[in-house]
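Structures for review follow.
Next, two complexes with chain A in common: one pairs it with chain B, the other with chain C.
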Partner chain A sequence: MSWELVFFAVFSAAMLLTGIGVVALENPVHSAISLVGCFINVAALFVMLGAEFLGVLQIIIYTGAVLVLVLFTIMLVDPNKLPAFYVGKPMQRNVSAIVGAILMVELGVAIVTRVALEQIGPHTNAMVDQMGGNVQAIGQVMLSEYALAFEVASLVLTVGVVGAVVVGLPNRLGALDTVTMSLGHSRGAEDAIAAGPKFESPMNIPAERYVAPVGERKVVMTKDPDKYTHPGETSK
Partner chain B sequence: MDLTTNHFLFVSAALFVIGMMGVLTRRNILIVFMCVEMMVAAVGISLVAFSHETATINGQVFFLFALAVAAAESAVGLAIVVALSRQGRAPDVEEMQTLRN
Partner chain C sequence: MTVHLENPDWGMVLPQLIVLVAAIVVSLLDAFLPKERHFTVITGVTLAGFGAAIVAQLSQRGETGTTFHGLFQLDGLTVFLNLVILVAAVLTVLISASYVEYLDSKMGTGEFYTLLTFAVFGAMLTASAGDMVMLYVGIELTSIATYILTAFAKRRTTALEGAFKYFLLGLFASAILLYGMSWIYGSTGSTGLNEISASLTAALTGSEPNAGMILGMLLVIVGFSFKLAAVPFHFWTPDAYDGAPTPVTGYMSVIPKAAAAVAMIRILVQGLESLADDWTMVLAVLAFVTMLFGNIVAISQTDVKRMLAYSSIAHTGYMIAGIAAFRLIDGMAGERSISSVLYYLIAYTFMNIGAFAIVVWVQHRGDGTTLGDFAGLASRSPLAALAMTVFLVSLMGIPPTIGFYAKYYVIVALLESNLLWLAMTIVMASAISAYFYLRVVAVMYFQEKSEDTTGRPIVASPLLNLGIGVMVVGVLALGLFSSPIINLANDWTNLFSVAALAMGR
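Up next is the complex of A and B:
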C-alpha cells in the first residue's frame, strides 16, 4: 500500500463526509462551511492528479469568492422565512434514495467495466515538467487551441455580471429617489433639517406625512415609516 | 494495490450522487444551489482524472471553462435569491410557483 493511496483515502473520505454534511445539516451557514471543507478536499484531489493550477483555482474561486457570496446571501435572507427542515416529503425522500442508488450502481458498473484509455496525448508528467509546469501547459493549450472559447468565456462572465445587477435592482427605479425618515427618532428630524430646506417646525407636522423636495429627491417625513407606502406600491 | 483512475471516478460518482440527493430532497434554495456546485465539482474530478489518464491537458482546460460558467451562474442565482427576499418571499423551492400553469 502506497502513501498515495493513504492520502487519497483521507482526502476522499473527508470530501464525502463534508459533502453529506452539506445535505444533512439543518443550518444553512453550517452547510456552507461544510461545503468549504468539501471544496478544499476536491482541490487536494486535483493536486494529486497533477492539476495544481485547477486546485489553486478551486480554492480561490469557490472557497474564496462563491462561498463568501453564498454566506452574504444567507445573511440577507430573513431567517424566519427559511423553509422548515424536514428534508422533503416522505415520497420525495424515498424517490431520491432510489434514484440515487440506481445512479450509483449504474456509474459503478460503467466504471468497473470500462476499458482503460491509452496515453494518447503529449502531456505526460515528464513533458509537462519540460514545458515549465502545469500552468504553462494549460496556458499554451487554452490560448491556442481554445482561444475562441476563452474569449466566449469572458463574454459569459460579463453577461453574468450584468444579469446579476439587473435581477438585483429594485422593482421600481423610482424607489431610489425617495428617502424615508422617521420623526419618532430625533436624528431623523435633525438630518432632515440639515439636508432639506428650512422647515418652520418639523416636529409639529399636522399631517400623517409631509413630503418636501430636497434637490432631486423627495424627503418623506412620517412618524411611522413602516406604515408609509410609496405611491404606486401596493402594500407593505 | 495501486492508485488508479477508477478510484477517482468512484469518488466523483459518489459526490455527484450525494449532490443529486441534496437537490432532490432539500427545500431551501440556497442548499439546492450549494448541492449543484458540489455536482459541478464532482464532474470536475472526473474530467481531471480522464485528462490524467490520457496524458492530455484538454480535460483541465474544459474544467477551467466550466469554472467560469459556474461563477457566472452563481452570481445570477444569488441575485435571484436576493430579489426574492426583497419581495418578502421565502427562499423555498416549493413556494416558487410564479411560472406554474
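Up next is the complex of A and C:
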C-alpha cells in the first residue's frame, strides 16, 4: 500500500466526517468550523491530484474569506434567536434525502463513465505541463479563450456592489416594519391589498389612507401561508 | 509556451460597448453633478446612450461573425434581439422618468439608471453570446441588476418580499442552470454552442442520445423556465411583479424575459438542435400548462398589477409554444417558429410595457392599482382609458393590434409542425383572457369611482405621456406593417436553416 493511498484515505475520511458534521451538529458555530475542516481536506485532495493552484484557491477563497464571513455573521446573531434547524416535515426531509442521494449517484456515474470511456478533456497532465503548470494553464484559458466572460464577471461584481449600497444604505431606508413571507406560496391578492396601498410617489399618499409603519423591519420566513402578517400586526 | 491571444473585432461589439460606456458615465455623473441638474442630465445621457446603441445596432444589419474566441457572435438573432432590448430600454426610461425624478430626493436617479443600463448590457450580451459561459454571465448580470431594481421601493414591505423571493429563487434557478450546463459540457466536451452542436450531431449519428445529455437539457430548460416565469416555476412572479415599483415591473416583464428567451433559443436551437425531438415535447407541455394556469389564475385577481403579472406568465406560455413549434423536418417549419417568437417578443414589449405605463400613470394621479382605482378612468381621462383599452385589446390578441399578429404567427408555426392541440390551447387561453382584460375596460368605462379624487396633487410626467403615445402608435402600426419585422426576424433563422440543410439534415 503506497503512502499516497494512505493520505487519500485519511483526507477523504476527514472530509466526509467534517462534511457530515456540518449538517449534523446542532450549534451553528460548530457547523461552520466543521465546514472549515471539510474545505481544508478538499484542498489537500486537490494538491494530491496535482492541482496545487485550485488547492490554494480553495484555502484562500473558501476557508479564508467565505467561511470567516459566515462565522462573523453567525457570531453577530443572538444564538437564542436562531430558528430551529430541524423544522422540516418528515416528508420534506425524506424527499430532500432522496433527491440528494440521486444527485450524488448521478455525479458518481458521470465520473466513472467518463473514466471508463477514457473521454478526458483537453487539459491532460501532459498538456498542463506543456503550458508550464496549473496556474499558467488556468491563467491562459481565462485571459485568452474566456477573456470576455472574465471581464463581464467583474461587471457583475460591480453591479453587486452598487446593489448592496442601494439596498443596504440605512439613511435611505424609510419607516421600518416586519414582514413574513413564504417562498412556496405567493401572497394572495387580498393579502397584498391589505398590506397597504401601492403608492409609488410619497407625496401623493392621502393622509387618511397612509398608515405609518412602526417597529423593526425584518423579513421572516414562514412555511405556511396562513402565518402571513401585515405591517402593523405582529402575528396572525 | 505560447499564448494565443486574439485581437477582438471591436466594431462588432460596438452597440454593447456604447451601452457599457453609458452605464459607467451615468454612475460617475451621479457622483459629480450638482443636485439640481441631476435628473435631466442623467436621463438624457441614458436615453442618448440607448439611442446611439440602436443606431449602431441597425448599421450591423445583415452582418455576421464571431469574435473573442467565439464567445461573442453577431448574427441576425443578435441584431433583432438587441434592437428589441434597446427599444424596451428606451420605453422603460420613458415610463420610469417621472417616478425616478419624484424619488430623486430620497433615492438615487444615478443608481436606478446605472442598474438599468447594466441590466440592458447584460441582456444584450446574452443575445450575442456564442458560448454557454457567456450566456450564463449575461443572464446573471441582468438578473442581479433586476433583483436590486425590484427592491428599489424599500419603503414598501411588499417590495422587500418580492425582491427577496425573486433573489432566492433566482439564485436557485441559476444553480440549476449551471448544473445543466455542466452536464452538457461534460457530455460534449465544449462550452461553445457551435462546437456542442457539431459534437452532438457526430455523437448522435445512428445512436440514441445518452442520459447525461438529456439530463443537462432538462436542467437547462428548468433553469430558463424559472427566469422566464413559466409554470410550475413561477412562484416568485406575482409577488415580485407586485412589489417592484410599477415602471420596474414593466421593465422586468420584458428585458430579463427577452434575455432568458434568447438564451433558451441559443442553447436549444443553436446548441442542441439535434435533440429537437426531445425538447420540443417538453416545451409543448410547459407551454400548455403555463398558458392555462396564467390565464385562469389571472381571472381571480382584483389588482390590476397582479392581474398583469399573471397575464405575463400566460404570455410566457405563448412564447414557449412558439419555440416548441421548432422542427427540423424541413428548413421552413423551424424557421417560422423562431421568427414567430422573436416577433412575439417585440409585440409583447410594446403592449406589456404600455399596460404597465398606464398603471404608472394612474399611480401618478394618487390612486392605487386595484380595479376600484381604475373605475371611471374614462370620464377622468378619456385618452388614458383609450390607450389602456388599446394595450389590453392587444394583449388579448384582437386585430388590428400587434398582439393579434404575434399570436397569429405562433399559431401558424404550430400548425406547420402538427401541434394542433397547442394551437387550439392558444385560442382557448386567449378566449379565457378576454374576461379579465375586458373587465378592466368595462370598469374604466362603465363604473364610477367611489371616492372623489379631484384636487389631489398629480405628478407631471411628460416623458411618460410621450412613451404611452409611442407605444399606442407602435401597437397599432407594427401590427399592420408587420412584414418588414418578420423578415428581419427571419434573417437569423434563414441562415440557420441554410446551415442545417448544408449539414445534410
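One rule holds for everything that comes next: the second predicted complex is superposed on the first by the 130 of 236 C-alpha atoms of A that agree within 3 Å, B and C clash if a C-alpha of one lies under 4 Å from a C-alpha of the other, contacts with A are read in each partner's own complex, and residues count from 1 in each chain.
Simple rule for what comes next: a residue touches a chain if its C-beta (ideal position, glycine included) is under 8 Å from a C-beta of that chain, and two chains touch if they have at least 3 such contacts.
Being a predicted model, the structure only gives us computed values, none of them experimental.
When the two complexes are overlaid on their common chain A, residue A:V159 makes contact with chain B and with chain C alike.
When both complexes are overlaid on chain A, the residue A:A116 reaches chain B alone and has no touch with chain C. Of the two partner chains, chain C is the only one that A:A147 touches; chain B does not reach it. In the superposition on chain A, A:F46 makes contact with chain B only, not with chain C. After overlaying the two complexes on the shared chain, residue contacts for A:V70 are found with chain B alone; chain C is out of touch.
In the superposed model, A:Q136 lies in contact with chain C only, and not with chain B. Contacts of A:V167 after superposition on the shared chain: both chain B and chain C are touched. Looking at the superposition, the partner that touches the larger set of chain A residues, chain B or chain C, turns out to be B.
Once the two complexes are overlaid on the shared chain, A:M15 sits against chain B while remaining clear of chain C. Shared contact residues of chain A with chain B and chain C: 119, 121-122, 145-146, 149, 153, 156, 159-160, 163, 165, 167. Of all the residues in chain A, the ones that touch chain C in their complex are 106, 110, 113-114, 119, 121-122, 130-132, 136, 140, 143-149, 152-153, 155-156, 158-160, 162-163, 165-167, 172-175, 177-179, 181, 183-187, 189-190, 192-193, 195-206, 213, 217, 219, 231.
Residues of chain B touching chain A in their complex: 1-3, 5-11, 13-22, 24-28, 30-31, 33-35, 37-38, 41, 44-45, 48-58, 60-61, 63-65, 67-76, 78-83, 85-92, 94-95. For chain C in complex with chain A, the touching residues are 1, 3-6, 8, 20, 27, 68-69, 71-72, 99, 102-103, 106-108, 111, 114-115, 118, 121-122, 125, 131, 133-134, 137-138, 140-141, 144-145, 147-148, 151-158, 160-161, 163-165, 168-169, 183, 186, 189, 212, 215, 235-239, 242, 245-246, 300-303, 305-306, 360, 363-366, 368-370, 456-459. Within the complex, the chain A residues that touch chain B are 1-2, 4-5, 8, 12, 15-16, 19-20, 22-23, 28, 31-32, 35, 38-39, 42, 45-46, 49-51, 53-54, 57-58, 61-62, 65-66, 69-70, 73-74, 76-78, 81-84, 87-88, 92-93, 95-97, 99-100, 103-104, 107-108, 111-112, 116-124, 127-128, 134, 137-138, 141-142, 145-146, 149-150, 153, 156-157, 159-161, 163-165, 167-168, 170-171.
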